[in-house]
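Attaching a single structure in structure tokens format; questions to follow.
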Amino acid sequence: MSITSQRRTGNAVSYVLLAILSVYTLFPFIWMVISSLKPREEIRARTPSFFIQSPTLDNFVRVFVEHNFLEYLRNSLIVSLAACALSLVISLLAGYVFSRNYRMRLVQGTNFGMLVSQMIPGVLLLVPLYITMRNLGLLDSYASLILAYTTFVIPLSTFMLSSAYDSIPMSLEEAAEIDGASRLKTLTHVVLPVMLPSIVSVGLYSFITAWNEFMFGYIFISTDSLRTITPALMLFKGANSVDWGGLMAGSVIAVLPVAIIFLFLQRYFISGLMSGAVKG
Amino acid sequence: MRVGADSRKTTNRRFVILALSPALLFLAVLIGYPLVTVLTDAFQDAHLVNPGVGGFVGLDNFHKVVSDPHFFPAVSNTLVWTIGSVIGEFVVGLSAALLLNRKMRGQGLFRVATFIPWLVPIVVAGMTWEWMLNPDFGIINSLLTSTGLVDSPINFLGDKEWAMSTVIFVNVWRSFPYYTISFLAAMQAIPDELFEAAALDGANAWRRFWSVTMPQLRSVSLIIVFIHLIWTAVNFDFIWVMTQGGPNYATMTLPILIYRYSLQQFDVGAASALSTIMFLGTSLIFVVYYRYRRRLSDEIVG
Amino acid sequence: MKKKLAFVASVGVVALALTGCSGSSSADPKTIELWTSWSEGEATAETLDPLIQAWADDKGYTVNQTNFTYDQIHEKLIASAAGGNLPDVVWGLPEYVGEFSKLGILADVSDAWDSWGDADQVSDAVKSSMTVDGQVVGFPYETTARAYLVHDDLLAAANVQVPTTWDDVLAVGSKVQDATDSSFYGLTGAGVREPQELLVYLAQQGLSIAEEQDGGGFANTWNDNPDELAKATEVFEFYQDLLASGSVNENSATYGWEDTDENFATGLTASFVTGNWMAERETTNADTMGDVSVHPIPYPTDGEPATYIESKPIFTMANSDSLEASTELAQQFASEEWQTAAFADRSSLSSVSTDSKWSKDFAALLDTGVTYPPISLGEVTQDMIDALAMVLQDDQSPEDAAIWLGDAINEALETSGDAAGS
């Protein structure tokens, strides 16, 4: 078999596998989109169906007009972007030290602390974190959520970035240092550009964690105008009935902006695009 | 290491402290206090609605927790849930990354498709799956029966035999994209020459995967797997949204038990004691992680 | 290095402690924080919004109303109670009465109740469901009974009469299922409705989950009294027989209200014990909901009819800066004017009702209604769910389940401090 035909078979197999994978990942989302376009009578039909007899935008109208989803979207965006930026700065610094100075006791101690912090079940953080935020005077503010989400993502961000630093040869920095650059300058000018794919992936992780968080979103925030999108979604689940149409429309609205952001960022994960930088 | 002057060592140390201090400050202020609370409450009679009791009670809380008939089943459920989820996530996540890393047309769309589950908030994902899996009006059972794949609807979340595998399946669905994204990012750092050299040596795709790709993914795999072991073990919302630990305790894990102690029974002491027991368990994971991590660092820094 | 770590940590803790001293809630006494749980955009919200606004303007207060789900309200209140930062007026569920009054966050509104002009319109059962140790802690803003709803067409198709007793139900067996492909009866096997339903069947046998004792405190007495134990055993037997006779869908052993209500609305279940919120289904499931009639819940031949009254209390928080105005606002929700405007078909006042079967036929059952005793229910309702799982899912003997539940409830009362003599 020639190289080309081998490659062609490989591609064909890959496409089939990717198609199967996409069905697995997209199925619930497609169901969400379909349901969000159905009138209530069809959602509550005895036999569920993929086909919509009379498609409607009522659910979306309700979500935007009766529930202030535009405002919730804005709040989520502010909180998530801030938490993402803050945590990236903090963990880019910490991760660098984790990778290059792992033998220092302070580094190992911090590493241990970060791991332990991941072991506390969220339920037990509820009351203590509420009291902390109250003491800091931050209840009912963006800051409370930004600080909490930043703290939640720092550990994994640091670990991931430190592993990304691991794959960058020390020689790169040593060369720069011999040229007389300071350590921080070496970091920002020489090392970080090479790490872009990892920074993007870690940034996405922080953003999405903040975007999707649920419990603290309603524990800290008691004002409608500051509410983020995930706790707002739960309002569609009433005490005696679930407004599936509204919930699904709201969820589609919560997922779409991030999916679009991702569509733009995904090119950073294409093999070869960044390899020039790595070699440079 | 070069023969460094003392001054270099000092600036180095100062840099390390400066670089770590923001992270430490955040952890100390926001996690330090809850952590201390958990560790002290475990030995106190801390009860939210029955404040008449109180004070140091030694190991009473631990005794209460361990003698709870649901404790040992919950431990084994937690192990099944954690290990099952992480293995599933790793296998699906890595396979997806390898597929998505091929240079082919349309990869951008496939990548977005793969990451969608990760973008759906857990509570919404849980509720939607629960709805879709319903035996009477769920779309999945409707498809399974109308295509003749099964004779009668399966009560995925209500049948003891199915419940645990179903929640694991849904958890894998939701969590594997993060593995994929991390593997994809790490694969960018593998120099093409390594593959070319291996190809010249006549290594087939399978050999190239094991001898070139996998070793380069060690560091990131280590972190992802260990952090997910911990996360999955302490995860609460997924099971809570879908089964609340049921049917009849079939999906009861330790975090659900902790929730029950603290927010249903208001017995914060018992909840803290159970968390402390979980700390000890997850610390074992840490020891293993620490060893590997150290070995890897040594290889890299030399 | 260890010292340094400790240093950094202690700086953090000190900073926290310092800000702790300076932080204080400086709520404007002219502002009332109100937490509700209604469906945005639906009639209740649309009607209440202007009423609240008008009341606030009239009194010179600002009312900050925010909407949450009941679960969110529950957890927010627990966190706020520990942090000492509570709202002023809150919509609650009957399940919260015992817990929150133990937490000491509910204001005693007995005086306001006594001088309330509409108080005589409220039934004793409703009032006592929000009375703890002789103190009234809430006003009822919404009261509904459970009823036995029947799809007449489905029963007619199977030639089955509407049952009045447990035996009638069991005698039907799979007859309706065979004729119409719909299950005959329904039961709830998960979630908040499951213990409420069990409460009804127990009450029909003259039993309660916890009885107030002479010396104060509560206790479950089934295991001290062979007669009561036998009655409780019969209840669990009934559940088991429902499954065995084919009267109910086998999956219902693990169904929550989301599933059971849906199945009744679509006609997959021919008859079911539920509430009058199903009225809303008449528009969305028009072709299956047209034939519904309302009946008393089937009861044992030697027992008595009973139903569950869900009477939701609106709480005033004890530490409110404007206690008097907050109590007045809470009372407004229960007033005849507001009840007529927003809760006409589920009012707590006997003078307020509509002509529809959803209001009239349900209200007719209120006299036989029971409520939860005012104890901390978190663990108790969980025990009730567990006991039912023993008979519905594990095939254990009904007597074992009854004995176990009696003991488990007493243990729960002990830990929560509700037990007699504690």
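Details
As written, the chain order gives the labels A, B and C, with residue 1 at the start of each chain.
Convention: a contact is a pair of C-beta atoms (placed from the backbone, for glycine too) under 8 Å apart; a residue touches a chain by one contact, two chains touch by 3 or more.
Remember, predicted model here, so these are calculated numbers, not experimental data.
If you sketch which chains touch which, every chain touches every other chain without exception. In this structure, the chain pairs B-C and A-B differ in their number of contacting C-beta pairs, and the larger number is found at A-B.
Inter-chain spacing, taken between the CA centroids of subunit B and subunit C, is 36 Å.
Averaging Cα coordinates per chain places subunit A and subunit B 15 Å apart. Touching two or more other chains at once are residues 45-46, 104, 106, 110, 113, 126-127, 131-132, 215, 234, 237, 242 of subunit A.
For subunit C, residues touching at least two other chains, in rising order: 4-5, 16, 75, 78, 82, 262, 266, 268.
With touch defined as above, residues shared between interfaces to two or more other chains in subunit B number as follows: 17, 24, 29, 33, 137, 263. Contact residues of subunit A toward subunit B in the complex are 10-11, 14-15, 17-18, 21-22, 24-26, 28-29, 31-32, 45-48, 50, 89-91, 93-94, 96-97, 99-104, 106-108, 110-129, 131-132, 147-148, 150-151, 154-156, 158-160, 163-164, 166-168, 170, 183-184, 194, 197-198, 200-201, 204-205, 208, 211-212, 214-215, 230, 233-234, 237, 242, 244, 247-248, 251, 254-255, 258-259, 262-263, 266-275, 278-279. Looking at the complex, you find that subunit C touches subunit A at residues 1-2, 4-5, 16, 19-20, 22-23, 25, 33, 35, 37, 39-41, 64, 66-72, 75-76, 78-80, 82-85, 87, 93, 257-258, 261-262, 265-268, 275, 277, 280-281, 284-286, 288.
Contacts from subunit B toward subunit C in the complex involve residues 17, 21, 24-25, 28-29, 32-33, 47-50, 52-53, 134-137, 153, 155, 157-160, 244, 246-249, 260, 263-267.
The touching residues of subunit B, counted against subunit A in their complex, run 11-13, 15-20, 22-24, 26-27, 29-31, 33-35, 37-38, 95-96, 99-104, 107-108, 110-125, 127-129, 131-132, 137-139, 142, 173, 177-178, 181-182, 184-189, 191-192, 205, 216, 219-220, 222-224, 227, 230-231, 234, 236-237, 255, 258-259, 262-263, 268, 271-272, 275, 278-279, 282-283, 286, 289-290, 293-294, 296-297, 300-302.
If you check the complex, the residues on subunit C that touch subunit B are 4-5, 8-9, 11-13, 15-16, 75, 78, 81-82, 99, 102-103, 189-191, 249, 251, 253-255, 259, 262-263, 266, 268, 376, 378-379, 382, 386, 389-390, 393-394, 412, 415-417.
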